[in-house]
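You will see two complexes here that share chain A, one where it goes with chain B and one where it goes with chain C.
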Partner chain A sequence: MYILGVTSCPVGIAHTYMAASNLEKTAKKKGLEIKIETQGAAGVENEITKEDLKRADGVIIASDVRIKNAERFDDLPTLTVGVSEAIKDAEGIIKELLEALE
Partner chain B sequence: MAEIKRKTKKKSQGAFLRDSIMTGISYMIPVIVGAGVIQAIAKAMGGYDIGNHMDQIDTLAKAIMLLGQNMMNYVVPVIAAFIAYAMADKPGLAPGFVMGALAGAINTGFVGGVVGGIMVGYFVLMLKKIKVPKAIQGIMPILVYPVVTTLVCGLLMYYVVGRPISWFMAWITSGLMALSGGSRFVLGAVIGAMICLDHGGPINKTAALFVNGLNADGFLIPTSAKMCAGMTSPLGIGLACFIGGKKKFTESEREQAKSLFILSCCYVQEGVIPFLMKDPVRVAISCCTGGAITGGLCMMLGLESPAVHGGAFVIAMTSNPLLFIGLWLLGGCITGVLYALLRKPLPEGYEESEEDIVSII
Partner chain C sequence: MNVSEMVNEKLVNFGYEAKTKDDVIKGLGKMMYDAGKVNDLNKYIEGLYEREAVFSTGVGNGVAIPHCKSDCVREAAFTLVKLKNPVEWETLDGRPVDYVIMLAAPNTSDNVHLEMLSKLAANLMDDDFRETLKGTSTVEEIKQLFSSKKEEE
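Moving on, here comes the complex of A and B:
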């Protein structure tokens, strides 16, 4: 199982990275492979590549703004949530994605 | 996109609008912070009223002021353009910039820019739905969209929508000018309490949007209320951890408290969120009390801050740095003492488990 994610928030200095690290930690605990791209004030970091997209099973977008290059995920099952939800309940989101994938 | 339908929530039109406005704000923030700080540097070099006698001098301070003023002129165009961009993608940008510039020309300010951006967004979305023959498809985005959108939305704004907005802005402006000491305190206290309620959540963002809008339109006093109040929360909770000591706070919380002091200086309130999540009511009460008192006093005493963000690094640029520091510490102490008192002691023989540690940044 390989999950991709994008996090982003309006100011882009705290929530973006908190959401990313929470999702990463939770996925690791569940033994899932995950890669989170952050779109913060510094622009795109840890960018998702074409190879990632080919291997991925599902996508989580945790954002309060319109994210860049959303069309990349057109062919993948995508779950869109608010950024604060990923900070508070990363476990629930990953669970919801897994359930939807089955 | 193969959208996964959520069982509980669905994306409404309201959420679409809110996300778009937030996108606009996220592009606007570097512009408004940069412009505010640069102008403040110029004021520090060439006197606080440098803006009034720009044509009589030719110094480095003037050049810097010129940069800052020009950057400030882009604040409203950028938010208008990027709201339209978030809604309608690339074709929204050009007309969006024009709507922002128009807002400056017809005195509708920040509100005019936001409304203009939304108008452009919806109009372009509508235009995109029109089916045209293949032959002219290519010229739609480079010729038809920018010309038609700008003409229609621009004229609509100039003759119709802009009128009530400019009256509204004039009303707000004169209202703020005429506020007496007591009502200024109330307004500042409301701003401070909202800022300190959810630390970067929707209520905080609403208050910040209002204050930043006023800042873009040249009202600098509410900005100090917002920033100073926001800085009290991490300071206060950090202090509470030391006042409360081992009996009330866990090892990891007291460890986090150290970073809270640094976050307070940087005006990053988000460090309080882990505390807020574990103990929502008490943290919110303490933070709001400290924030409201600081915010209210900032407004009442007329403390101006040209920079909307930057924390301790821009204190020197406020109209009265010592007062700012005083109010910051005052609010922090109120929040700190209050939370140290309100907080329940840890249960006897409390052992920390891995799960309790919510890491931050």
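Moving on, here comes the complex of A and C:
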């Protein structure tokens, strides 16, 4: 199982990174491979590559703003949530994605 | 660069007295101004409220991270303020806030310092780090905690 994610928030200095950290931490705990791209004030970091897209099973977008290059994920099952949701309940989000993928 | 290098004694308090969220935002905004991190207090406070209006910065577990990115910020900075009494704040878990990390980010492309703020925010998701930080009572302890976090990564 390989999950991709993008996090972003209005100012781009705090919530983006908290959400990314929480999703990574939670996925790791569940033994899942995950890669989160952050789109913050410092720009795009940990960018998702074509290779990532090829082997990904699903995508989590946790954002309150329009993310860059969303069309990359057109062919992948994608769960979209608010950035706060990923800070509050990463466990629930990952569970929801896994259930949708079954 | 390490986050511990950005810890500023003028922005640390271990028993800040405030009754409301407004007290905290205005008081800590002033703290930023007095420490020379912000050159226009009104504009900074306005920016904080604008950000709060999008959605509240109470991120749960008693922590709030009011912040804004603005021309009026001279250099990136953060407060580490323990409140003497918890205050009501719209939070993700409904719990009141007793620790406030206010962030100030300049409108520049100075990514190094922005990254430090972001790293600090991300570390707050680590339960051990957060609870240790909330339990600190000296600036030295805080610096030690931040330095040790760096080594782990």
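Keep in mind that, in the parts below, the second predicted complex is superposed on the first by the 102 of 102 C-alpha atoms of A that agree within 3 Å, B and C clash if a C-alpha of one lies under 4 Å from a C-alpha of the other, contacts with A are read in each partner's own complex, and residues count from 1 in each chain.
Please note the rule applied: contacts are C-beta pairs under 8 Å (C-beta built on N, C-alpha and C of every residue); 3 or more make two chains touch, one makes a residue touch a chain.
Because the structure is predicted, anything quoted here is derived from the model rather than measured.
Model built by superposing both complexes on chain A: chain B and chain C clash.
Of the two partner chains placed around the shared chain by superposition, chain B is the only one that A:78 touches, whereas chain C remains out of contact.
Looking at the shared chain after the overlay, A:20 reaches chain C, while chain B stays out of its contact range. Counting the residues of chain A that each partner touches, chain B and chain C differ, and the larger count belongs to B. When the shared chain is aligned, chain B and chain C each come close enough to touch A:11. Looking at the shared chain after the overlay, A:96 reaches chain B, while chain C stays out of its contact range. Once the two complexes are overlaid on the shared chain, A:70 sits against chain B while remaining clear of chain C. Residue contacts after overlaying the shared chain place A:43 against chain C, while chain B stays out of touching range. By the document's definition of touching, both partners, chain B and chain C, reach A:87. Residues 10-15, 17-18, 21, 25, 41, 64, 84, 87-88 of chain A lie in contact with chain B in one complex and with chain C in the other. Those residues of chain C that touch chain A in the complex are listed here as 51, 54-55, 57, 59-60, 65, 67-69, 92-93, 103, 105, 111, 114-115, 117-119, 121-126. Interface residues of chain A facing chain C in the complex, by the touch rule stated above, are 10-18, 20-22, 25, 38, 40-43, 64, 82, 84, 87-88.
Those residues of chain A that touch chain B in the shared complex are 8-15, 17-18, 21, 25, 41, 58, 63-66, 70-71, 73-81, 84, 87-88, 96-97, 100. Interface of chain B with chain A (complex): residues 1-4, 6-7, 11, 18-20, 22-23, 25-26, 29-30, 86, 200-201, 205, 268, 270-271, 273, 277, 359-361.
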